[in-house]
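What follows is a structure written as C-alpha cells; I'll ask about it next.
Note that the chains take the letters A, B, C and D in the order they are written out, and that residue 1 is the start of every chain.
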Amino acid sequence: MMKAAVIGASGYAGIEVVRLLLRHPDFELVAAASDSVAGQKLSSVYPALTGMTDLEFVHADFDKIASECDIVFLAVPHTAAMACAPVFIENDVAVIDLSADYRIHDKATYEKWYKADHTSSDLLERAVYGQPEKHRAELVAMGRSWEHGNTATTPLVACAGCYPTASILASMPAFEAGLVDGDYVVINALSGVSGAGKKANERTHFCHAAESAQAYSAGKHRHTPEIEQELSEAAGYPVNVVFTPILTPMKRGLLSMVTLRIKEGVSQEQIESAYAKRYEGEAFVHFLGTEMPQTTSVVGGNHAHVGIAFEPNTRTLIASGAIDNLDKGAASQAVQCANIVCGFAETDGLDFANPTV
Amino acid sequence: MMKAAVIGASGYAGIEVVRLLLRHPDFELVAAASDSVAGQKLSSVYPALTGMTDLEFVHADFDKIASECDIVFLAVPHTAAMACAPVFIENDVAVIDLSADYRIHDKATYEKWYKADHTSSDLLERAVYGQPEKHRAELVAMGRSWEHGNTATTPLVACAGCYPTASILASMPAFEAGLVDGDYVVINALSGVSGAGKKANERTHFCHAAESAQAYSAGKHRHTPEIEQELSEAAGYPVNVVFTPILTPMKRGLLSMVTLRIKEGVSQEQIESAYAKRYEGEAFVHFLGTEMPQTTSVVGGNHAHVGIAFEPNTRTLIASGAIDNLDKGAASQAVQCANIVCGFAETDGLDFANPTV
Amino acid sequence: MMKAAVIGASGYAGIEVVRLLLRHPDFELVAAASDSVAGQKLSSVYPALTGMTDLEFVHADFDKIASECDIVFLAVPHTAAMACAPVFIENDVAVIDLSADYRIHDKATYEKWYKADHTSSDLLERAVYGQPEKHRAELVAMGRSWEHGNTATTPLVACAGCYPTASILASMPAFEAGLVDGDYVVINALSGVSGAGKKANERTHFCHAAESAQAYSAGKHRHTPEIEQELSEAAGYPVNVVFTPILTPMKRGLLSMVTLRIKEGVSQEQIESAYAKRYEGEAFVHFLGTEMPQTTSVVGGNHAHVGIAFEPNTRTLIASGAIDNLDKGAASQAVQCANIVCGFAETDGLDFANPTV
Amino acid sequence: MMKAAVIGASGYAGIEVVRLLLRHPDFELVAAASDSVAGQKLSSVYPALTGMTDLEFVHADFDKIASECDIVFLAVPHTAAMACAPVFIENDVAVIDLSADYRIHDKATYEKWYKADHTSSDLLERAVYGQPEKHRAELVAMGRSWEHGNTATTPLVACAGCYPTASILASMPAFEAGLVDGDYVVINALSGVSGAGKKANERTHFCHAAESAQAYSAGKHRHTPEIEQELSEAAGYPVNVVFTPILTPMKRGLLSMVTLRIKEGVSQEQIESAYAKRYEGEAFVHFLGTEMPQTTSVVGGNHAHVGIAFEPNTRTLIASGAIDNLDKGAASQAVQCANIVCGFAETDGLDFANPTV
C-alpha cells in the first residue's frame, strides 16, 4: 500500500479523490487536508461518507504531509498548486496535480491566460499532461524511472481539465489519423453545475441554475490553450480552438460537442474506423460509433463515451464526448494517472459499475 | 373579437396557444380540438387551466370548425397540417400553421427532408414564413389585402420552428449587415424536453432525461433546411448550416449557439452596432450586447434574448439566442403572427411579465 | 391608478410583487426599493423583466417613498418590517406586509418564536391576517373605512406565510364545519428552493439541492404558531400543530400534506361537501375532490388547489394543498389583499393563465 | 463463487441487482433474463454498463435458468413472482424476491390489497421478510439450515418494499423500546421517479414530473399493510398506519417522514439513546441524532440514514429515514439478504462509497 494524501480535500474534486482512495486496493489515504474544515470528520462535511471512514480533515501543513505520504493529490485552485508542488517534489513525493498550473508547457501562454506569474516554471518540463489515453507512455516511463530511484523524475502529473478531457477524447483520433482539413475547431461543451465548484454564489444557486442553460466565457475560457496544445500535438500543426462552455442544469456530467472539417475524399467509414482502432482495448474510453453519448451513462466513474456524426455535404465531423466532469474530468482520471505512475493496474480502484438509472 | 380555433389543442404547443387566447383581448377561443381527449374539459387535461375556462376539447371536424371561426391555429404534426390547411383557406379562414408543412419554399427540399409528398404545394407560394422580426412586412401586407376582401390572400402563416427562431434571431443581423465571411455556420442548440412533445417514451422519461445531456440527429435534423433557407435569404447567397440539437434537462427553454466567421477588418463594435440597430424598437427581441442570454429569463413568454462574443484571433462570432421553445418557438410567436395579419397590435395578449425566478 | 411602492424589491417575493404591479390595471409602480442593488435597472438584476420596464432600484428611503405612494408592499425580513411599517401607517400609506411581523396576534408568542422584541406591538391589533379566503370580510371592512377617510384604519395587512397559506386552505373547511375530532394536526409540507430566499448558501447550492429531499426545523418551524392561530380560530378551540417542512428540488411550488382525525360518523361525502361548499365561487381556490393537487398546476400565479383523501379505518383525513410559494404564498396573495383593501376587483392583475407545461 | 441469475433484469431494480452482481466477490452472474429485450447486450440497453460486461439479456426460461444457478433474484411485478418462485424452490435454488408476493404473512390481507389470488400461499410460511436489520437472525438461520442440505429451507426471502424499508428503519427503535404511545402512525414519504418504474407514461414524463410534487394513493397505498405488519411486530400490538407517498422530482432517493406519539415521561435523551443503541454496529444503517437525513447522501448504495426530532408539547416524534429507493429499497438490500442467507460477509459487494456530490 502506498500512502496517499489529498490537499484541497473538501472541494468537489478533492472529496471525489478521497472517495476513490478510501476503497482503493493499492493506496492508503493518510491525510485529507482542508484548512476550512480542519478538525471536522469527513462524514460530517460529506454525509455520503458516513460509515466509510472515521478520518477527520487536517490542516494543509505541506511539510508534515510530505513526510507522511508517498503520493499527493493537489485539488487546489490554480496558483495554489504551484505554491506547494515543489515542496512535495523536493521530498520525493509524487504529485498528481488536478489544477491547471503545470498543464501548459509554454510559460508565457500560461501567464497570459491565467493572469499570474508562474513561480514554479522549472518544473514545467518535468510535468506530464495527465490524460492517460494520450500520454500513457510518458506516464509509464516517468513512473518506471522513479521506481528505479531516480528522484529527478519523481512524478509530477498535470491532470487534464474537464473540458479538455472530453474534447480531446472526442477529436484526437481524427487529428492523429490525419483526417482533419484545416486548423479550425469549434467546441461547445455543456457542464453540470459542480464544475463551478462548491462555493455558493449567484450562479450556483438552485433557483438560478435549475431549468436553465447559459453560455459563459464564450471564446475566452481558460481551457482553450490547453485544448489547443493537445490537439496541435495530435495534428502535428497548430490548431485554433473556439471554445464555449454552457452551464447546464445537471449536478455532474460534461458533454463536449466538437465540430471540425474533414479532408476531401475521406469517408465516414474511414473516420469510424480510425476512432474504433484508436480506442480499442481502452478500459475507460468507449467509442459508440454513430450513437451519440449521454452524460448519465458515465456519471459517477472514470468512463468516457465518444460518438460521431459526419455531415458529408460540408465534410463536417461532429464528435461528441461525454464524461463525468468530477471523475474522468478530474478525480478518477487523477487516480488513473496515479495508478500508472505507481505501476499499479490502470483500473485499480476504478473498475466499478455506476448506478444504471 | 375575432373567432379563433386551435386544432391539435392538447399537445404542448397547442395548449399554449389556448392559454394565450383565453386572455387575449382580440381573439375569442371558440374551439379547442383534439380527437384524443375530445369531450374532456381543458382543465381536466391541463389542471393549470382550472378556473380559467369551462371549455371542453372537441373533435377536429374541419368543416364544422371552419364554419365557426375566422382564424385557426394548426398545432398538428407535419403532413397533418397540409391535410387540413386547404379546407380552412377555401373557407376564407386565416391559417396560422405551427407545423413545418409550409415553411420550406422548395417542394423538393421539403419532400427530401420530411420524407413525404407535399400534397398542398399550390399553397406554398401563398405562405409567409412566420418569423415576424424577419418577415413583418409580408405578414402586414398579407393581412391588409385580406382585410380588403381579397380571398386570394387569406393568410397562411408558416410559423418558424423553435430551433430556427432562436438561430435566425441570433445570427440574422450579422448576415444582413454583410459581416459574415463565407457560407459555413455551425449551430449547437440546447432544448428543454417539452420540445420532444407530450408523448411519453423512453427519451422523455424523467429518469432518462433528468441530469442528462445528449445530442441527437447530429448534422441531419429537419430544421436544417429551414435555417439554411432563412439565413441564405439574409445573406444574399447560399449558406450551409451544420446543426446539432442537444436534449437538456429543462422543461422549457431553448438556447442556440451559432458560430460563424466574420470578414477581415470588421471590429467587435461594428458587430454590436449591427445587432443593436437591427433589434432597436422590437418589442420581443432584446440584444444584450456581450451578456450571454439565459433561457430562464425568457421562459413563459414571447421574448427572445440575444448576446454575442467575438473571438478576434480566428474572427469568430459566437452568437447565442435564448427563447422559450413552446412560446417564442411556437405558440406565442404564432399569436404574434396572428396579431399582425389581423391588424391588431403586435403585443396584444403577449405583453406580460414572466415569473422572475 | 393608485401609486404603489415595494420595499425589499430585489428579493424573490419582492420582485414577484414588482412583476405583478408592472402590468396591474389599478396600481402604478412608483418605486422598487432595495439598498443592495440601488441604481441598477430592474432588468439588469432580473433579465426576465427586459422590455417590461426601464425602472431602476432605489434606496429604501422610507420617508421619501411614503410621500410618493398610496400603498406599500414590504417584502423584507421579519423585524425589518416592524421597523418601517409605522412610518408608512403614520403617513396614511396602506401597508401590505409580506413578513411575519404582524401575523401573530399575541406579542409574547411572536417574541418567543422569533426571538426578538416586538417594537411595534401597538399596530398588532390593527393588522388583519392576509389570507383573503379566510379574512375577506375584515379586509373589506378595513378598506372601506379607510376609503371614507378614517386614518385610524389605514390598512395594515399581515400577509399569510407560504406554509400557512397552503395548510390553512387544505384544512380550514374541515375545522369550520366541525368535522375534526380532537386538536392534533400533523403537517408535512414540501417547498421549492426559492422558499429559502435569494441568498446563496450551502443549502441553496444546486449541487446540494438538486435530486435531494431533506426535512428541516422539524417540529419547530416558525410558521407553526401562525398555523395554530388560524386553525384554532377556524376550529373554535385551541389546535396543536406538528409541522415539518421538507426542502424539495423545485424552484417554486409548495405542497402541504395535512393529516387530522375526523369525528366518528362523518362520511367522506360530508367532508367533500364541506370543502366544495367552502370554496364555491372562489376565484383562486379550487377544490379538486379526491384528485391530489400537483404543484406545477399552480406555479406562476395566485391559484391554490386542494384535494382530499379519507381513510375510514382510522377516520383520518389527508388534505393536500398546492400553491406557488412565491405567489399565492407571498407576492400574488399580497396583491390580492391589496386589491381588496383598495376596493378593486379581487382578480385585478391576477387573472392570467400560467404556463401549462 | 455462487451462480446467480436475475429475472426481470431490464427493469430499474433488476438492472441494479445486475450492476451489483457484476462486481460482487462471491456471486457470478450467469443470466440476466428479460423477455422484452432478450438478445440485446446489457450495455446496449443500459449504456452505463459499457465496458463492464459483454452479457446479453436472455429469455426468462425458468427451468433452464433454475438448472444453471444457485440463487435467483426475482425483480418482477407482483403476481409474476409467485408464478415462478416455486419452480426455483423446487430446484433448490434460493429465491430473493424483490416483489411483494411473499411479504405479507396473511394470505387474506395480501389478496385484499393486491386484488389477486395468492397461488403460492404454501410458501408464505417459509418466506422471511427481507429487511436484514430487523430479521437478520431468521435470515441467518434459514441460510445455515440450507447449507446443511435441508432443502425444506431453501431460502425464500421476501425483500422489503422501498417505502416500508425507510419507514421501518425510521420508527422501529421507538416501537421496540416500548416508547410509543398508542397505535397510530402517520407516514408521508417522498420518492424519486424511478420508484414508478421504467415504463414511460404520463406521470413519468419529464415535463410532468420535473419541478413537481404530488401525493398519490393517499391513505391506500399497497405498502400500508406491509408497514403495519412489521411495526405491529416491533410494537407487540397492532399498529395502524396512515401512509401517503409523494412523487418528487428526483431520479432516485426516498425520504420517509414518520410521525407518532411518545409515552408521557419519556425524554428526548431516552429516544436518542434507544435509536443509537439499536443501530450500533450496523454497517448500513446510521443514526444521525437530530440531524435530518438527506436523500443525496445515500443515493447509489445500501446505506440508510435516520434522524429524529421530538416535539415535547404534543409528545410527538418525527422520525425521518432516507434511502435509495432502488438500492436499500430494492436491489442492494436484496444482495445484502443474499449475502446473509449464503453465509457471505453482509457487506460483500456493497462496501463502496457513493458519489459525494
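The rule is short, and it goes like this: contacts are C-beta pairs under 8 Å (C-beta built on N, C-alpha and C of every residue); 3 or more make two chains touch, one makes a residue touch a chain.
Small disclaimer: the values here were computed from a predicted structure and weren't measured.
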Same-residue or different-residue interface between subunit B and subunit C, half as cut-off: same
Centroid-based (C-alpha) most distant chain relative to subunit C: A
Rounded Å distance between subunit B and subunit C, as computed from the means of their C-alpha atoms: 37
Whole-Å gap between the CA centroids of subunit A and subunit B: 40
Approximate Å spacing (C-alpha centroids) for the pair subunit A, subunit C: 47
Subunit C residues counted as touching two or more neighbouring chains: 12, 194, 207-208, 210-211, 249, 251-252, 293-294, 296, 299, 357
Of all residues in subunit B, those that touch subunit D in their complex: 12, 193-194, 198, 200-202, 204-211, 249, 251
Footprint of subunit D on subunit C - complex, ascending: 184, 186, 188, 190, 192, 207-208, 211-216, 218-220, 240, 242, 244, 246, 248-253, 255, 257, 259, 292-296, 299, 307, 309-311, 313-314, 316, 318, 320, 322, 357
For the subunit D and subunit A complex, residues of the former touching the latter: 12, 15-16, 18-20, 22-23, 46-52, 194, 210-211, 251-252, 283-284, 286, 288, 291, 293-294, 296-300, 303, 305, 326, 351-357
